[in-house]
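Sharing a structure, written as structure tokens. Questions coming.
Order of writing sets the chain letters: A, B, C and D. Residues in each chain are counted from 1.
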Amino acid sequence: MAVSDKRMTLKEAVSKFINDGDTVYYGGFQIHVPMALTHEIIRQKKKNLHIINASTDVGGLDLLVAAGCVSEMHLAWAMNWYVKAPYAIRRAFQSGELQRFDLSNFGATSALIAGFLGIPFIPVRGNIGTDILKYNQHDAKVIDDPFTGAKITVVRAWRADVAIIHAQRVDTLGNVVTWGTRGVTDEFGTMGTKRGVIVTAEEVVEPELVRSDPDRTLVPYFKTLAVVHCPWGAHPSACRGYYGLDIRFCQYQGKYERNKDLLPHFMNEWIYGCEDHAAYINKYIQKFGQEGLDRLKPVLGFKPKMDIDYGYHDPGVWKGVPQYTDEHIKA
Amino acid sequence: MSANYKLTELMVVRCAKEIADGEVVFAGVGLPLVVVGFAMVTHAPNMILFTEGGSIRATAPPGLAITVDDPALFANGDATFGMLATMAALQRGEVDVAFIGGAQIDKYGNINSTGVGDWSKPDSFTYFAGSGGANDMATSGKRVLAIMPQDPKKFVEKVDYLTTPGYLDGPGSREKLGMIGGGPSCVVSTMGVYRFDENKEMMLVEYFPGQSVEKVKANCSFDLKVAPDVKETVPPTEDELVILRNIDPTGFYLG
Amino acid sequence: MAVSDKRMTLKEAVSKFINDGDTVYYGGFQIHVPMALTHEIIRQKKKNLHIINASTDVGGLDLLVAAGCVSEMHLAWAMNWYVKAPYAIRRAFQSGELQRFDLSNFGATSALIAGFLGIPFIPVRGNIGTDILKYNQHDAKVIDDPFTGAKITVVRAWRADVAIIHAQRVDTLGNVVTWGTRGVTDEFGTMGTKRGVIVTAEEVVEPELVRSDPDRTLVPYFKTLAVVHCPWGAHPSACRGYYGLDIRFCQYQGKYERNKDLLPHFMNEWIYGCEDHAAYINKYIQKFGQEGLDRLKPVLGFKPKMDIDYGYHDPGVWKGVPQYTDEHIKA
Amino acid sequence: MSANYKLTELMVVRCAKEIADGEVVFAGVGLPLVVVGFAMVTHAPNMILFTEGGSIRATAPPGLAITVDDPALFANGDATFGMLATMAALQRGEVDVAFIGGAQIDKYGNINSTGVGDWSKPDSFTYFAGSGGANDMATSGKRVLAIMPQDPKKFVEKVDYLTTPGYLDGPGSREKLGMIGGGPSCVVSTMGVYRFDENKEMMLVEYFPGQSVEKVKANCSFDLKVAPDVKETVPPTEDELVILRNIDPTGFYLG
């Protein structure tokens, strides 16, 4: 993938890079959930997506399932934790519209790690002895360790066609920057994709800035398909250093998720009725006030204090420097 | 229940007593995040806190964490290597206490957080969240500490879906499958405290103030064993309550 | 492991935490080679060590083998690259004193990753079809993928008893800080140990400093056994941001490595004859001049320019905030 | 050899021509590190540079790298995720060019960097370094570019130790073992340039100025195939030499 400016709108990114039937890595964990991308996928009525993910907590997958975009989910944990249920997922599983393949959290993450590593499967300690293994023989089985003969669970590698994530910063080329963790599952889910990554970010910056501290790059630019500048792109989920979790909105959304007859009202107002994520945020301010967003402001003042320099050494200094020697070598 | 403390406060303080100083504690989402913070500022200053989000820390978080990758767990942390590092340490057998929640538990301490009904007949099955990290934690943690709401539908003879291994079918079951963790050590419910007997069955060892052995048994669907020396749980002290309420001054978790 | 001050001398660290017969993860790659620790292990005449490592380039393992400390090596690549040979390793292999178990670089790293992950083995793409697999059936074999039946190489997990590494910084509790890479193999070799890690570092700092930017922590304190303040501890290997590779010294050392009769002179002068690493550096200055060290100074000025804050959100803001609602939910 | 350029300069410039713009190139230690820097500032500004040390970069390094985890490869890099990331991409089949060295090569492009003699009789075996990343790169890179010194002991019928797979025993061998990479594409020696014919055997396609087909064959122990259109290698231009010498102004690599 060439070194090019990958900035585009949310609409362009989803339209160009997500196809019906794709396997999609759904980013975030209990933070940084790609909600703006979730809404846009719903607006564009993508169909038959297969979702791979470890855990997600603000009901984003519930909305995606409710909108009829998802036919399969492979993951460890999904609900709107702030109403303690995954209502739409529950209904879709019951009706047979949704197939679900469960693993443990580190089972799912290990499957993503195997996909990232380009290996076909990987052992994992958990899952054995439970109904997870009984009911998900597609993704996991127990084999004999080829070295010792002991029993061990192995999970099949998961690789998405495309990943959707929200990040703090990204540069115009697609180098994704995070801090406040070296990674949860996004590093594996993104780099392990077959086609690449769509990133929404709070800030889009120049590559020079990212290159001043490349240790903070989570996803290297060559895996990135689209860079979308999208402030509040994880809302109502949190974004490290930018805003906290909007619990009241999760609860509000959850009341709609609970009732399949009510949910279309939410979809119409907050998703179909909003042209893009800026419109969604404007609606929020209009409806719940600027003070709603203001409550999400973080407690700041936790800045790095170490003096760091990525300096290198120039081997040109050796020109003309004679070999070191002494009497033993000379002898 | 005495008027000067809440049930959640009693549960948090009681759970914290299960953590010894210097131990590695892997804390799941919810009340466990409050318990570990409380333990670190009271009797366990050398506790090592792990979460699924990948935080590793020697000190209590500066703020109250809502999730296992909450920024409060990372600010002033010691290492933030990611889930990769904390789950790897778990799988290497370096976690002393796996601290989890759940929706349903059986007499062998097997836990269900996936759903109720018959999974193989989807129209009968009501999904909860799924395993999350509880399965990993309970498989490989040296011992498991679980915190659970209690009623007859939640304390059952056999869980509808076995998400998280307790002692499975009883003594020897875990060993046969090569699990490196020791299994459930203690369950703290909304009514009392349980340990496991030599048959790996749950046994009531404490009932909360205001409860009784009879009331607890009435809220359990299996034939609950009761320790011969069963006793009332010691309530939190005033000092403990002051410290705890300082961790959650607005009652976000504690009510 | 308690939160305690783990500072001690090089001598104490090696004496206390390395036993004859231990499996030792040998840190670094083609940089950050733990040379001060190598010398101290030689001084203390440790025996029968089993070394696990991916690659190492400045002859540190050559010295360790020459001194009779090592009986087994599991690795991918070892020599003094600056004389293009591993002379002592070559001799010890020929005499039968040293058993060697080769894998490819990512074969070795994958074995370390498996050890780190607490899983018994892991698939890897390389090694198949070569003499590596033919001659190292202890560490690798080809199996059928349990999901697809295709052939795939798997390597056995490697876990050391103790790891020895050199780092840029470490705090008094043992949180090891690196920058200029998120890791090569040290992150796996160290965290995967059974007992823990001995760290030499250019600087020992207060935990408060490390905690201001914990994303830079490579090894968390609970895995660290000993913290040794040891400037120039990787010399003649390089240390990022502190000094470059001392090519002339590698060549000088290599001339001794080449000849088994000459090598004792080097050992006597530079290792046995030096009480500690400070004495070794003093000898260097005395023999080759301060200008020798000065040539190793890096080209600096590559400092992070991003504004970073690890701020969090206080859920206390929700106190008294009513649930969000609207006419649909009320209805 | 013309007096106005050195053999190393010829080799570097010739190797660079094997890299197309926009490709992902995984460069091993030694001259490959100079070649990729040269390619990035000449015809391949969109090249993506990977090393075993874990550097991923879109621009040429600010200084001359001696090793694959040299700080010069990381300063102003795009990502420094570690060997984990670059080797993972390699194993996923995302590397276009695996650029390696070696000590001994056979007619199928199999490379030995482990040692000479009989490994199973240790007293007869002279160890070199071992595989390093060459085996991984040659197994999974879409194509392999190798740079090697040439003499009759280095270009041999059968390598003493097969460290790094070329085409193994010939057509179909790699596929049978499930290797995802395509195998050797080009070898640049100190005497000429080779490709592989339909039998997967090395074939001389260019000899360096000052060399000849006969001289090259005299420095090869197997019966070397020669392309019908074999020709003399085009020497580096003045412009190319100016750029190259600017990368290594003191002749650290170039002499």
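In this text, a contact is a pair of C-beta atoms (placed from the backbone, for glycine too) under 8 Å apart; a residue touches a chain by one contact, two chains touch by 3 or more.
Everything quoted here is computed from the prediction, not taken from an experiment.
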item	value
Partner chains that subunit C and subunit D have in common	A
A-D compared against A-B, more contacting pairs	A-B
Distance from subunit D to subunit A - Cα centre to Cα centre, in angstrom	37
Length of the line joining the C-alpha centres of subunit A and subunit C, rounded to whole Å	31
Averaged-CA centre spacing for the pair subunit B and subunit A, given as whole angstrom	28
Separation of subunit B from subunit D, taking each centre as the mean of its C-alpha atoms, in whole Å	56
Multi-partner residues of subunit A (at least 2 other chains)	117-119, 124-125, 150, 152, 180-182, 187, 210, 212, 215, 238, 240-241, 244-245, 247, 298-299, 302, 310-315, 318
Residues within subunit D bordering two or more other chains	62-63, 66, 70-71, 74-76, 80-81, 90-91, 140, 180
Chain contact graph, described as a line, ring, star, complete graph or other shape	other
Chain-to-chain touches, reported pairwise for every pair that qualifies	A-B, A-C, A-D, B-C, C-D
Residue ranges of subunit A in contact with subunit D within the complex	1-3, 116-119, 159, 173, 175, 187, 191-192, 207, 210-212, 214-215, 217-222, 310-316, 318-319
Touch list for subunit A against partner subunit B, complex	29-31, 54-55, 57, 75-79, 81, 85-86, 89-90, 93-96, 100, 102-107, 109, 113, 124-132, 135, 150-152, 180-185, 187, 238, 240-241, 244-245, 247, 298-299, 302
List of subunit D residues in touch with subunit A within their complex	22, 24, 45-46, 48, 56, 58-59, 61-66, 70-72, 74-81, 85, 88-93, 140, 180, 249-252
Residues of subunit D defined as touching subunit C within the complex	29, 52-55, 62-63, 66-71, 74-76, 80-84, 87, 90-91, 114-115, 119-120, 122-136, 139-140, 161-165, 168, 173-174, 177-180
Of subunit A, residues touching subunit C in the complex	110, 114, 117-125, 141, 143, 145-148, 150, 152, 154, 156, 169, 177, 179-182, 205, 208-210, 212-213, 215-216, 238, 240-241, 243-245, 247-249, 251-252, 255-256, 262, 265-266, 287-288, 292, 295-315, 317-318, 321, 323-326, 328-329
